[in-house]
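What follows is a pair of complexes built around subunit A, which joins subunit B in one and subunit C in the other.
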Partner chain A sequence: METFNNFIGGTVTLFGDPIGILIFFGGVVGGMLFGAIPGVSMLTLAAILLPFTAHLSAEHGIMLFSVIYCTGVYGGAITAILFNIPGAPENAPTAFDGYPMTLDGRAGKAVGAAVMCSAIGGTISCVIMMFATAPIAGWAIRAFGPPEIFALVFFGLAVAASVGAKTFWKGWLSIMAGLMIAVVGLDPVGGIERYNFDMPYLAAGIHFIPTILGFFAVSEIFVQAEKKATGAYKAPELSVDFPTFKELWLHKIAVIRSIIIGFFCGILPGIGATLAAFMGYNEAVRWSKDRLSFGKGKIEGVISSETANNSATGAAMIPLLALGLPGGALTAMMVGVFQMHDMEPGPLVFINSPDLVWVVFAAMFFANLSILLVGFLEAKTIVNLLRIPFQFLAPMILLLATVCSYAVRGLVIDVVVMFVAGVAGFFLRRSGYSVAGIVLGLILGKIGEQTFAQAMQMLHFEFTGFFNRPIALGLLIAGFITIGASVYGAFFKKSDVQQSEA
Partner chain B sequence: MNLRKTLVGTAIALGAATFTAGTALAACATDGLPGEMEKPDGFPERALSMIVPYGPAGGSGQVAQAMAEAVTELTKVSINRDHKPGGSGTVGLTAYMATPADGYTVLEHIDDASSAHALDSERPNPAEDLIPLVTSQITFSQIYIRTEEDRFSDWPTFVEWVKAQDGKATIANVSKEGSMERVTMKFITDATGMQIQQISFDKGAPRYGALAGGQVDALFEQPGDVRKFLDSGMFKPILTILKDAPEAFADVPSLTDVGLDFEPLFRFRGFYVAAGTPEDRVKWLQWAFQKAYCEESYQAYNESKFMTLIESFRDTEGSKELITNTIAQYRDVYKEMGLEVK
Partner chain C sequence: MSKLKFSHYFELFFWLMLVLVFFGYSFEFNKDIEIYKYGATLWPRTILLLIALAAIGQFFDQRKNGDKAASNTMAAAHEGPDSNPEHTGAAWYTSTFILLAIPFVYMTIPEKIAPLFSIEEEGLGNFKLICAAVLFIVYLGFAWRNHVGGILALPIFFAALLQDIGFYALAPVFIIGVMILMGERRATRMALVMPFIYGILLAFFVSLLYVGLPTGNIKPFYDFGNWVVTLLQ
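Presenting the complex of A and B:
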């Protein structure tokens, strides 16, 4: 009851002030737009707005960032679905099935699913956040150290090897290629340079955003250009036919599963929405009876990814508010907003500024709900971009992708990486390798290598140390079982068929 | 400990000059500079750029923002920050060295640039290949434990407990090869006979979460970065890595108090312009950045980060001395540690 009263109090404060309402809707629209426009992101908007928050009250400043966070994570799904350009890394798995749906004339269904599932995932995680911030935050950091996070990554990679590749070997080779790219740059423990061939810019490693843009957007343009040249090009059909509630209800298990996964990943400091989206997608594939149809336009892929990444937004606020530990770049910027108002996020915020906390909770709740309304209106408009003929659209996408790649770190090498990945992606896709697997290997590889090194240091370089950590052990066993099952599925099952055929 | 003796000479000036607690609050270091300075031949006639070799949310990103805003407040000249993170500052520094030396691009960097040059002299020397405009943050490190910790409660009981663990105790830090953290930990473990496993976390949040969640036994950090955990009572310092404890941490033992005899290493952040920049422009930039250090907004920022506990300010000459001494100090340590010094 106290929680409910606090929530009502936060809502009244939020909407009882015209300036607050203005900032709230500004944040909703701004987050969606910056999330949706390739080349910029919600982080760009946050960085622009950061100095101005000094002139706002603490409640308004922090509320603005929370709202941008919720709607920005959703916004990137639109371009992932329509143009195969994920607005942010956490929207990359959305493109796996969202873009094939667009090519298939079902863009409206995909965008609609993204809108609804982002709203559902974000709202539910927000409600959990309101009820259980302090105990969940404490539990997460006690239960999940580097060994557990490494085991989670291992499990994720084991599942991912079966995503999008034509054969068992191609799936694993794709993952391994991603892992190999991930080790370029400084090693995460000793800071030793590896595979940078004395090029200082490579010391920073291969960033996953230009890689994603190359593998997805640029290679797709090459694929479509080839079709155009050979006369096989077919413009995607425009569709604003959103999914019905009944259609989505069929995927309720996927939604619930992704909420749990997203929430879980979101509360781990430094992990956040990207791992959530990939894990949500992977698990959808793993539990599906029709795995092979993933990556070819299955709505469940969009649902799983978008539910999970928005579910991570509410969860990421838990370690931030309860412990002062930001989960990602945007929540780290929020720390800056707190500091501008002589405050520090952490346990004292609940004691010193309970009103502020509840304004933020209320704002995030309504921001997620507003994704439904504003998101549908935005989506109805934005799908019309598909009317632009390919010969005009393709250069625009290339330009935006180039700007986006450069904007990540202001390095030309990132643009080069994007084009190399684009060319590589074009050929790899033709030969049945999984570009999704490579990207996943790259993203998870960086987290995995660091946490493995940390885990080994913590366990005094004894693998048996994992046996004393039940969660890590459970995840490792699950990973090995997954690998075993995929080996069995790829070889022994086939042998049975061949034998019976013989 | 021959190493200690060799370090005393090079670091004594640094220690003496640095430990002037409280002076920044009473009268700001650059109060004597003129309030305005004529622009040399109209420079700058457009916005300046500031390359920051780290992300916007970390310590460097924040100090760059605070200084850029203070300079703009003072001069009305905008500064666009260009973050180029990666490679422990290598990428940003490399990118900066490729920019024209016209004064329109300045650089923010930390002591990592000095330690990198100490290890490999082909890397730019911040005191020679760059002109320091101002060093605006100098801070010390501490060792922290959880306040609710029941296995040990202070430095002596911590040392005793770590020794009993036979090398299995852990401490979170940024323990990259040759880093200030690793070198300082070597001083401490050599002097106390402790064996402690250093766990390297390159980002703050997982590092602090590791201590808060009991994944590690202790944390090596600078006080400004963990202020919120100190204010909330989650962490408490058990050792200040300074010869004498500053007033704000009077109840925390210093190196002298616990019988550790080595010269502490400092974390410092400052702003630079490329060597070869026209002299009149350098002078104007020196004035702008040094004067901005005393702007109210910047001082408030430094205070919020515990950066006024010891004197944080160095002008160009002071910064050069600080950098040169630091490079010499690191070089000696690296040789002692058996690292290959190029």
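Presenting the complex of A and C:
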């Protein structure tokens, strides 16, 4: 009852103030638009707005960022579905089935599923967040230290090796290639330069934004260009035929499973929505009776990925608000907003500024609900982008990607890196490797190495220390079993494709 | 019976060479870290070991099962190069490799060979422009017969020229170039679409968001870039 009263109080504060309402709707529309425009993302908008939040109250500033977070994660699904360009890494698995659906003329169904499931996942996650922030945060801080986070990263990578690539080996090699890219730059413990090949640019490491833009946006342009050159290009068909509630009801188990996966991944600092989306998708494949149709335009793939990544948004606020630990780039910027107002996120926020906490909770709840209304209207407009012929869309996307990668650090070499990654992505995709696997390895590589180093220091450099930590041990065993099963399958079992051909 | 093809041997060679080169280079940063006894090399060397194991595992799997080796649930979503036979084979790869090398030739060679022609700092810009023009003609010669290779190399060539010529002068040429390589031949449409894309991008990023794009450093492109920025901001 107290939670409900607090929620009503937060809602009244949010909508009782005209400026608050303006900021709320500005955040909803801005997050969706920036998430949906190819080449930019919610992070671009957040980075632009960060300095301006000094002129807002702390409540309005944090509320704005939390709304952008919810709607931006959904917005990235639109470009993933329509152009195979995920707005953020957490939308990458959405493209696996969303884009083939667009090519089949079912873009409307995919976008509709993304709208509904993002709203459902995000709203339920918000409700759980309101009730469970304090107890879950307490459990996570006790149960999840560096060994557990490292084990979770290992398990996530082992699972991801079986997604996206043509074979398990290529999946594993893709992830390892991503991990090697992440190694370039400074080592996380001693700050020693690695693999800089005497180039000053490489001393700071390869930035993930140009790399992601190259592997996804640019390589997709190249793949489509090759199809156009050979006459195999098939223009995506325009469709605003959204799925019915009955169609979505058939996938209720996938939605529930993805909410649970998304929430538990989202609560862990540094892991968040990306792993949530990959695991949500992979579990959908694993539990499906029709596994071979995934990757060819199965709506369940879009549902699982989008439900899981939006479920992670509510959960990601728990470590931020309760422990002061940001879970990703956007929540890290939110720490900046707190600091601009001489505040520190953490348990004291609940005591010193309960109004702020409940305004943020209420704003996130309504932002997720508004995805249903504003998302459908926006999607109907954006689907029309498909009317643009590819020969006109391609230079636009390539130039957008150029501007975005250059704007990150103001370095032309980032643009070169992006286009080289695009060419590499083109050849790797032709050979059956997974660009999503490379990107996941790149993003989780730094977290993995850092937590491994912290874990080993914590365990006094004894690997047997993992045996005393049941969660870490369980996750490591699950990871090894996943890899072992794939290796066994490679040598002693016929593959799914071979069986279907037999 | 062995089902190995040339591409399988090439894949194994590629990954093992990568492992060898990176393992060799790891001795460059093999330094002690006081608080961490494994140092900065354990993590990358472990990854390299796993890459080598996976590459060898893949090779043996391919030896037994050919291209259908350990196909997983996503196998059917992938199209191999066999689906585009025009864009495989040694001739295509050689021509594409030459096209892709052109931008890197521009990024490295002119500054190195300029002293051989007694070119000073002031004349370097014009010398680089002449090199760019020559390389562009070479590019056109290869891209004429290899459209896909041309599409792959054009954006890298564009990025290589950005520092010297600038975004503002290069973007219109790039837009037209991509449209032609994508098969557009109607001059009127290109003439209408190019200013539209260029204008929208500049209005949004330069006028509205104040993103500073490269203006170039060779005259008259540098002056043109600054003129556009002043006009928009």
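In this section, the second predicted complex is superposed on the first by the 479 of 502 C-alpha atoms of A that agree within 3 Å, B and C clash if a C-alpha of one lies under 4 Å from a C-alpha of the other, contacts with A are read in each partner's own complex, and residues count from 1 in each chain.
Convention: contacts are C-beta pairs under 8 Å (C-beta built on N, C-alpha and C of every residue); 3 or more make two chains touch, one makes a residue touch a chain.
The structure displayed is predicted, hence computed values, not measured ones.
Asks: With the two complexes overlaid on their shared chain, look at subunit A and say whether subunit B and subunit C clash or fit.
Replies: Superposition check on subunit A shows subunit B and subunit C fit without a clash.
Asks: On the A-aligned overlay, A:75 touches which partner chain: subunit B = first, subunit C = second, or both, or neither?
Replies: neither
Asks: Which holds for A:93: it touches subunit B only (first), subunit C only (second), both, or neither?
Replies: Neither partner.
Asks: Roughly what angle, nearest 10 degrees, sits at the C-alpha centre of subunit A between those of subunit B and subunit C?
Replies: That angle rounds to 80 degrees.
Asks: Of the partners subunit B and subunit C, which touch A:409 in the superposed model: first, second, both, neither?
Replies: A:409: touches subunit B, not subunit C.
Asks: In the overlay, work out which of subunit B or subunit C sits against more residues of subunit A.
Replies: Touching more of subunit A: C.
Asks: In the overlay, answer first, second, both or neither for which of subunit B and subunit C A:262 touches.
Replies: The answer is neither, since A:262 touches no partner chain.
Asks: Which holds for A:112: it touches subunit B only (first), subunit C only (second), both, or neither?
Replies: A:112 sits against neither subunit B nor subunit C.
Asks: Name the contact category of A:280: first (subunit B only), second (subunit C only), both, or neither.
Replies: In the superposed model, A:280 contacts neither subunit B nor subunit C.
Asks: Touching A:145 in the superposition: subunit B (first), subunit C (second), both, neither?
Replies: After superposing on A, A:145 lies in contact with subunit B but is clear of subunit C.
Asks: Looking at the overlay, does A:336 come into contact with subunit B only (first), subunit C only (second), both, or neither?
Replies: First partner only.
Asks: By the touch definition at the top of the document, which applies to A:419: first (subunit B), second (subunit C), both, or neither?
Replies: In the superposition, A:419 touches subunit C alone.
Asks: For the combined overlay, can you note the least CA distance between subunit B and subunit C, rounded to whole Å?
Replies: 5
Asks: Please identify the positions on subunit A that touch both subunit B and subunit C, taking each partner from its own complex.
Replies: Shared contact residues on subunit A (touching subunit B in one complex, subunit C in the other): 189-190, 192-193, 410, 453, 457.
Asks: Mind pulling up the subunit A residues that touch subunit C in the complex?
Replies: That would be residues 48, 96, 100, 162-173, 176-177, 179-180, 183, 187, 189-190, 192-195, 197, 218, 222, 225-226, 228-230, 232, 285, 291-292, 294-296, 390-392, 394-396, 398-400, 402-403, 406-407, 410, 412, 415-416, 418-420, 422-423, 426, 429-432, 434, 449, 452-453, 456-457, 461, 486-487, 489-491, 495-498 of subunit A.
Asks: Would you mind writing out the residues of subunit B in touch with subunit A in their complex?
Replies: Those in contact with subunit A are residues 55-58, 62, 65, 69, 82-88, 90-91, 94-95, 167-168, 170, 175-179, 197-203, 205-206, 208-210, 212-216, 227-229, 231-232, 234, 304.
Asks: Which of the residues in subunit C come into contact with subunit A in the complex?
Replies: 7, 11, 15, 22, 25-26, 29, 31, 33-40, 43-44, 47-48, 50-51, 54-55, 57-58, 60-61, 64-65, 68-81, 83-84, 86-87, 100, 103, 107, 147-148, 151-152, 155-156, 158-160, 162-163, 167, 171, 174-175, 178-179, 181-184, 193, 197, 201, 205, 209, 211-214
Asks: For a test of understanding, state which residues of subunit A touch subunit B in their complex under the given definition.
Replies: Contacts found on subunit A: 47, 50-51, 138, 140-146, 185-186, 188-193, 200-201, 203-205, 269-270, 319, 323-327, 329, 332-333, 335-336, 339, 342, 344-348, 409-411, 450, 453-454, 457-458, 460.
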